[in-house]
Amino acid sequence: MDALKVSLCGIPLDNPVIPASGTFGYGHEFAQWYDINCLGTFSFKGTTLSPRLGNPTPRIAECSAGMLNAVGLQNPGVHEVIREELPKLRSCFHKPVMANVSGFSVDEYVEACRLLAAEPQVGWLEINISCPNVHGGGMSFGTDPASAALVVEAVRKVTDKPLIVKLTPNVADIIPIARACEDAGADGISLINTLVGMRIDLKTRRPVLARQTGGYSGPGIFPVALRMVWQVAGAVHIPVVGMGGVSSAQDVIEMMLAGATAVQVGTANLVEPTICRDIIMDLPRVMERYGITSLSDIIGGAR
Amino acid sequence: MDALKVSLCGIPLDNPVIPASGTFGYGHEFAQWYDINCLGTFSFKGTTLSPRLGNPTPRIAECSAGMLNAVGLQNPGVHEVIREELPKLRSCFHKPVMANVSGFSVDEYVEACRLLAAEPQVGWLEINISCPNVHGGGMSFGTDPASAALVVEAVRKVTDKPLIVKLTPNVADIIPIARACEDAGADGISLINTLVGMRIDLKTRRPVLARQTGGYSGPGIFPVALRMVWQVAGAVHIPVVGMGGVSSAQDVIEMMLAGATAVQVGTANLVEPTICRDIIMDLPRVMERYGITSLSDIIGGAR
Amino acid sequence: MNDVLFTVLDNALLARDVYRLRLQGDTGAIARPGQFVNLKVEGCFLRRPISVCDLEEDVLTLIYKVVGKGTATLSRLVKGETIRALTGLGNGYDCAPAGERPLLVGGGVGVPPLFLLAKELRAADKAVCVCLGFGAKEDAFYLREFRELGCEVRLATLDGSLGHKGFVTEILPERYDHFFACGPEPMLQAVCAVTRTSGQLSFEARMGCGFGACMGCSCQTLTGSKRICREGPVLRKEELLWTR
Amino acid sequence: MNDVLFTVLDNALLARDVYRLRLQGDTGAIARPGQFVNLKVEGCFLRRPISVCDLEEDVLTLIYKVVGKGTATLSRLVKGETIRALTGLGNGYDCAPAGERPLLVGGGVGVPPLFLLAKELRAADKAVCVCLGFGAKEDAFYLREFRELGCEVRLATLDGSLGHKGFVTEILPERYDHFFACGPEPMLQAVCAVTRTSGQLSFEARMGCGFGACMGCSCQTLTGSKRICREGPVLRKEELLWTR
């Protein structure tokens, strides 16, 4: 299966398929569905320094080609994650994991990253500067090159592990933000996080979500995600991890042709719990159909 | 059918359903499918001062919940529109029409608007400061409050007809742009234009569109559109015309609950040429189901 | 938890807008009454959670009300068609604290999960009292089925067209050891308020996944944050914030 | 132009990946060979344009090759199922300039529209020469059908497994009055280059609507911008930029 292998920031992956943060918990939920060691890696639930209860419910709204979520970064906090979740994870996953970190100040990012980077199983840090659900949260960092750089520089000082910065698509021009992250020392860029969206319930005539707006994910955002992956891959020299609506082996290949070194699958896990395994199993057949002998060869191949 | 009536910038509409610019030609293409006098009005193909051949083909790419276009504002120019298209239109449409105008400089907008505003059948001017397909085109005006205001102020001077400004969703924060337009004298805001998207052909390993990226429209953008309509309707005091992925009577109602005074239907016309008529015919049934007696009562009702 | 392809045995109108769907397939992952399945409905992006109403070897019975697009599509399924479902989701009711005289309180389409529960309690020879509330006579279903299990069945309808006119909380028996409830949230709240014993209540939430992955269905309780799809849908009365 | 609900009569494999679909329904809007229909395929957002291959009263024949998702779905249609189509789209071929000895040149799935054209020309008693090019023997179809119309049929395959080995442009007859071509663009370009007479060529384009509304399919010609779906798909050789 060498045909599927890629390398992400110097760490080899058996395949480029990575469940996306917030849709795969801390892994063990999915170990009940299949052996998650088949994955390239996975990005665990967005973790913050302190525990967070998240937003009021309803937090979920359906869309015709995806969903909205306003989970609001509910997580047990980095200490609990290290104490409870990582040991559980070790028992079902034997590869380096991607630690997804959110924060509401530079210091919070730094402290959470420092703690997680010290964990042996953490292979990459993925810092989410893009979560649109939390007031005064990631939004401000991710929509402005200077603030983005601030976080990256600060986190860079506390770890030598690969640092992947996850960007929000809710910006007019993604390129300066990606470049600022690269210049500030990021080892990779991942994108996209969710688009801000909304639904209204015709019966109650009220927004479906308690928080009114939420993050739109799923197949409906794929064309926007692909475009941004293409733009960023063409603008930086570090690897890009592509995501947004990916739900088939074909989508994975399209993302890689656009320039992604690895591809995350988010929402699709929620609807089809075995989708990542299924995609990995399907990849060789689809590659053959399109005459692809090695995935690492096609990264950015559409340019 | 008073239940469907709304008023848009002082002009009464029999119903709020308006085919969106670029998906309805200059009307007569659709007069072959049904009597287009059932429409509230329609917004004709984006017109520029000089004729434009548009972009190279392929200009169309399919997405799972919509499409990309990179038509590039192909149109015969305002003089030809006035000489050829408007007379043809008069024979099949007997209501005020919405004249959609694009430009690449403030002067161009002004001149095209001046000429079109002088046409008796033109009820509203819809100025598109948002087309993402054209280099140095609308993009720059629509992504920055000051440039947006510049266009609006200038056009405002040459016409008293209602001036609706059509915004691009490809911005980090839509509110300051909408407010700038209102302050500059706009009578209404219409949104959203297309999101920038991309597709790659796995067979050729090349972007599907000759121009690589294009405007994403259709049901996949509905949640983003609804959110922006909600935000803008809450931020300005002028009417909002909502659009983006609308393809059913339910969608029309949801847009109106979010704050839209009227609702445009774009891409759906291309796939179902009679969709606007069908929606108008379906509205009374759907209104009854949700206990709505008059559409004008529910504008912004979700707030 | 299991991902199962079911075949439709039948799908019949039971009451106003309420259908009973019987499915054949692997029910092995379903362990308790009060658990639910998450159905992949053609044309809907998210799955649709529906409670297990009855279980007999490889036949699963669901009862659902048509309230929107997904349930409308469900109602058009015909014999022989297939549908996929994630099964064995949620904690379900715990029969251990039922006592000798358990009380079951159901409202509308909250009634279905109580059926398998009643069946199990009757199999353990408990004296089961079932109090059911519906909007009107046309909405009522499964009265006979509960009676055939040997339960005492009490009825309330809002318009009085069948049984007591009013809320189901007005017809609860004097004595019972523990209660099990499922229904709309205002009903659950009322049940909590009028009952003196311990009890278990089944909740609904808008769900992203239905199996604990997305944190979409979280609910704050006195014993911490619970996922309705995983630590729920059944919560103990004692842990509800309402009881504070 | 018309919006028609068709019923599938049959849908059979004709050659490698190539199917013939016969549909029953109102064909009244179809006026000329070379026009196309735009099919609403389940699960695809945009419609799929397919040329009219044959027409008999209310029976429409289409021939299509499975090249992607939409055509794969089409290939699974079975007798009795329904499919919606916009019919009578495009200008179609103009038979008037055909002369006594028209030449028809088709490549691959460009062959289908030539069939109805040949039929009409034969009905007008023209001496029709049909030159067809395919990849290989397994890809060829409708040879017998063209012969049965009384056409002279010449064949080329790229691998030489049937007829001449090489391009269809290498087997054109010496004499003909006017040509009609349909096939992949490189073939059309070659046909333009080797033919001396006037002719008509049918083009493909990625389409948004198929009926002139979106400007998605525009093509520049010497006589101005043309919409492939409306002023095309058939263009006259004389107006092509290639001939400049």
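What to note about this one:
Chains here go by letter, A, B, C and D, matching the order in which they are written, and residues are numbered from 1 within each.
FYI, a residue touches a chain if its C-beta (ideal position, glycine included) is under 8 Å from a C-beta of that chain, and two chains touch if they have at least 3 such contacts.
What you are looking at is a predicted structure, and each value in this text was computed from that prediction instead of being measured.
Least step count on the touch graph, subunit A to subunit D: 2. The set of chains in contact with subunit B as well as subunit D is empty. The greatest centre-to-centre gap from subunit D, using C-alpha centroids, is found for C. Spacing of subunit B relative to subunit C, judged by their CA centroids, is 47 angstrom. Between subunit A and subunit B, the centres computed from C-alpha atoms are 34 Å apart.
Centre to centre, using the average C-alpha position, subunit C and subunit D are separated by 58 Å.
A separation of 36 Å divides the Cα centre of subunit A from that of subunit C.
Of all residues in subunit C, none touches 2 or more other chains. Multi-chain contact residues of subunit B (touching two or more other chains): 63-66. If the chains shown are joined wherever they touch, the resulting network is a simple chain of contacts running from one end to the other without closing. Chains touching one another, given as pairs, are A-B, A-C, B-D.
Of all residues in subunit C, only 1, 3, 40, 44-47, 86, 205-209, 211-220, 225 touch subunit A in the complex they form. Residue ranges of subunit A in contact with subunit B, taken from their complex: 63-66, 68, 143, 170-172, 195-200, 202-203, 205-207, 212-213, 216, 219-224, 226-227, 230, 245, 250, 253-254, 257-258, 290, 298, 301-302.
The residues of subunit B lying in touch with subunit D in their complex are 22-25, 29-30, 32-33, 45, 53-54, 57-67, 69, 71, 74, 208, 218, 267, 269-271, 273-274.
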